[in-house]
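First up is the structure itself, then whatever we jot down about it.
By letter and in written order, the chains are A, B, C and D; residue numbering begins at 1 in each of them.
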Amino acid sequence: MAANRFSTNELMAVTASRLLQDGQNIVVGLGLPQVATLLAKDTHAPNLNIIYEIGVVNAEAVDPGVGLADPRLWYRSEHFTGFVGTLGQILQKGQVDVGFLGALQIDKFGNLNSTLVEEEGRMRHFTGSGGAADIATYAKNIFVIAKHEKRKIVEAVDFITTTGCLQGYETRKEAGLPVCRSITVITNLCVFGLKAGSNILEVKSLHPGVSAESVIENTGFAVDIPADVHITGEPDEKELNLLRTKIDPARMYIK
Amino acid sequence: MAANRFSTNELMAVTASRLLQDGQNIVVGLGLPQVATLLAKDTHAPNLNIIYEIGVVNAEAVDPGVGLADPRLWYRSEHFTGFVGTLGQILQKGQVDVGFLGALQIDKFGNLNSTLVEEEGRMRHFTGSGGAADIATYAKNIFVIAKHEKRKIVEAVDFITTTGCLQGYETRKEAGLPVCRSITVITNLCVFGLKAGSNILEVKSLHPGVSAESVIENTGFAVDIPADVHITGEPDEKELNLLRTKIDPARMYIK
Amino acid sequence: MNDKIRSLTEVVRELPDKGAEIALGGFAITRCPIAFACELIRQKKTDLTLYEIIGSMDADMLVGAGAVKKLSYGGGSLDRFGRLGRINESIEKGAYDIREYSAFSITLRFTAGALGIPFIPTKTPLGTDIIKNLLAKETDAVIAGHSPFDNEKYIFLRALNPEYAVIHCQYADRKGNVITEGPVWDLELAKSAKKLIVTVDQIVSTETVKRCPEKTIIPSVLTYAVVEVPYGAYPTSTYKNYDYDADALTLYARVNRKQDDFDQWLKEYVLDTKDHNEFLLKMAGLDKLNKIKSDPVFGYAIGGDSRGSK
Amino acid sequence: MNDKIRSLTEVVRELPDKGAEIALGGFAITRCPIAFACELIRQKKTDLTLYEIIGSMDADMLVGAGAVKKLSYGGGSLDRFGRLGRINESIEKGAYDIREYSAFSITLRFTAGALGIPFIPTKTPLGTDIIKNLLAKETDAVIAGHSPFDNEKYIFLRALNPEYAVIHCQYADRKGNVITEGPVWDLELAKSAKKLIVTVDQIVSTETVKRCPEKTIIPSVLTYAVVEVPYGAYPTSTYKNYDYDADALTLYARVNRKQDDFDQWLKEYVLDTKDHNEFLLKMAGLDKLNKIKSDPVFGYAIGGDSRGSK
């Protein structure tokens, strides 16, 4: 789908990276979200504050880790605290601009599921929330990176682990949740954002070379693709270079 | 009043010291209360935990300080925290055995006043609560050291800064306050404790050489002195020696 | 008492044989009280009520061993090594009473417990199926309410003060002053307990504590027992002391997929070892224990590959 | 922004001339933001709404200078040096709107604000005249309630998120990571602010922060501005940096008894000095500043007498 000059994962990382603004406070986990965040920090947003829920702020890892619990991710941290310091005194206080989440399933209202998924006729249990539900409650903006498959991007998730817009329209507000200004879902095919009013995901841009039909085909809900939909911008050489030589030289995530 | 072998302040410090039990957690301020606590720690209660509300636990000062805010009092602390760590996660959690307070006025129910006192026909404002009101709310036992004067030990305080038994009987419980097991008031004339049922201060022991009449005369409420009242035990040589040579060699408090 | 040092056997023996209530301090694969969990299994403690903010290897082992009656947790995994296979399967089968929170909502229950307040109001995680289930199941601890100040909807979470909390840390003195390096996700959990048991890699002098009081995260006042268990979190990591053992975790993340495999693993490494030292020698060996020692600047082992040698 | 360094003049100029809302971080005679308070007075800021957990020299000066409209605090003094004469007199005369809490009840309001919860339930200080007055006066922030869990009586304290908090600390980097030594009574107050201003004795590199992250008590995320003011807490102390100046505090505790004496003192030392350096040289002189430097082990000056030379 992507041109040979870059991989789809590289495109996804770059797309997410460009949406981050300098000076923002971000709660993020491992994988492509972290790659995107580090890329932003190395390019247009040197003053991002990167928060790991375990209690680490602005670390600068030099070795790849296996998760937030890996001390490799804590190297050169500026502050050690715990959930109260990160998800309480920063997130719940309202100071997180972007919560960067992953999920097994996402529905058309941006609700995510990482708890119970129906597979082969039975419910299987996965990781559950961790801090994800809390981040989705309080972050001003939510970014999601997801794989674009019909059974992953669905009409309604099997279990709401983290809230997007619930049942759309004003239902999030009615549930008593804080305002979520935006939900941005970056898949391997396109970028989704919220449609004003209905708060249903619509395609904001198609990745280069991806047809509207292929998005429709791979999406589990009736997806809205405006006629004048944008094409996702391509990575530039500087970004690709940083990804390949500095941020993920082992190509663990950008492969 | 006291025999020449020891001063009244020495007697008061020793009396308070003997009432402390090994292993207790104590919130205490400067002055005679601290002297009494250190004496207990140096004699029968080596495992007292001494907590200063400012956020210092088990310090071992070697120089006299002017108050809790004096870094002299923080020397060789085992833990630095703040009000949340001391008055919250220790005191409010219910883990303080003894709160050791001072006051400008104390009434017959053990309520203390360090806020507004009527002097020469007008209200004068003093220190206020600090952590005292919080300590009196939550400490399991309250110790008070007070000067025995008619205008200081009164029928009703001008302002309840810290709660004793409010209006006696079950009024403290009815106000929603946690149980206070005992209030012990050590003056220069006697030791008061609570009378079961009414929760009014009664004399538990008279200091050596002090007459019941002199206590009655110097007390601002109709004081109950049982016929078989005890005589306060005298300091022993070891205690006096520790007070004079180790705990308060400059005789700032035990003079 | 001043001296709170206890042996692992002794402190576990004190727990009721059935129905102990324990909050565990691990986070996925770091500072998990593994030695303590193994000893619970060896001493055949059953019907445990467990709490863990992030479900970790210790809770997964205890569920796999059939020692748990009720588990409340905020989700969890073995990070990239794998899933909490025993916990996940027991949820799928409805085998035990498992109650899922988000990490922060269960943390808030400990926060209230540690602070001595009766409950705490929050908006997380309103609207989720997590809270829907909690409102249905945890009616004595999670209720919907309104703030009297702004009249908005909140969840009121009841304070949690578990009978025991068990955390693993780097150091403590014999009085119970606890020193930890790195993040402290388990601080409120530890402080909320009626009886806090701390397993540590090493007991240090009170003089050491007094020279760097800012490293004491828990004052002696709040500690019930100190248990020295070198490598007590192995095969999970203890920052600045030792790394996780990627080989052992890879193995565990394989065997915990099926009860039979898990049972064999448990027999070999836990039931057939008499204590944590035997467990260490059988699972790691002295050579491996030395290899995973942390570099003092990086805080983890710099020689190895974090993904393991397999 | 990454670089949060501002000059004292500049950051105070930003505050509204009338009606700024500021929480101050001092405790009696330690880490009081004296330089900041003096600059507020020099720039003639008025109608301040102040909060301070333990009333301190800074708040007393601001009340004496007539800059305050409303003060909420938990009691306070100058320790053994004396009383908060200007605050006490204004309460006696009913001159300003002064609302007294206990130290912990006002701390809980900041705690709730820092944590982002709407209110916090507590039993302190039920039954006192303090709470009686608050229930009568602070009806929008202090109400009586019951816990829905145990149906007992509690006070519900509304979260407090002041527009500004100002604390004085030892160090910060230009990003706003704040390092403090010693007790941290002002931590929740600082974290609760919409805009946290930190005056520090010295700005240090971020590299310094990264080498001992456990000393960072406030992460950059929560800091609005960093102002370098050496001896910014003088004549109060900053643990491990400098002791209080007993002579200057003795003098202050004498002049603050009467408004006339205070006014003269204020003119001489604050209004007639153009900045904190002039204030320091006039009140202390370089020789005294050197004499009060702290011994690194004891954390205070070991040469002098804590009661002053007079």
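Please note the rule applied: contacts are C-beta pairs under 8 Å (C-beta built on N, C-alpha and C of every residue); 3 or more make two chains touch, one makes a residue touch a chain.
The structure displayed is predicted, hence computed values, not measured ones.
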item: Shortest walk length in steps over touching chains, chain B through to chain D; value: 1
item: Contact-richer chain pair (by C-beta pairs counted) among A-D and A-C; value: A-C
item: Whole-Å gap separating chain C and chain D, where each centre is the average of the chain's CA atoms; value: 39
item: Averaged-CA centre spacing for the pair chain C and chain A, given as whole angstrom; value: 29
item: Rounded Å distance, chain A centre to chain B centre (Cα mean); value: 58
item: Chain C residues counted as touching two or more neighbouring chains; value: 111, 115, 117, 122, 152, 154, 214
item: Contacts with two or more other chains, residues of chain B listed in rising order; value: 80-81, 84, 88, 91-92, 138
item: Category of the chain touch graph - line, ring, star, complete, other; value: other
item: Set of all touching chain pairs, with the criterion as stated earlier; value: A-C, A-D, B-C, B-D, C-D
item: Touch list for chain D against partner chain A, complex; value: 1-2, 113-117, 173, 175, 177, 191, 206, 209-210, 213-214, 216, 218-222
item: Chain D partner contacts - residues on chain C that touch it in the complex; value: 111, 115, 117-122, 140-141, 143, 145, 147-150, 152, 154, 156, 158, 181, 214-215
item: Chain D residues touching chain B - in the complex, by the definition given at the top; value: 27-30, 53-55, 73-77, 79-81, 83, 87-89, 91-92, 100-105, 107-108, 111, 122-130, 152-154, 182-188, 236-237, 239-240, 243-244, 246, 294, 298-300, 302, 306-307
item: Touching residues (chain side chain A, partner chain C) in the complex; value: 30, 52-56, 63-72, 74-75, 80-84, 87-88, 91-92, 114-115, 122-134, 136-138, 159-163, 166, 172, 175-178
item: Of all residues in chain B, those that touch chain C in their complex; value: 23, 25, 46-47, 49, 51, 57-58, 60, 76-81, 84-85, 88-95, 138
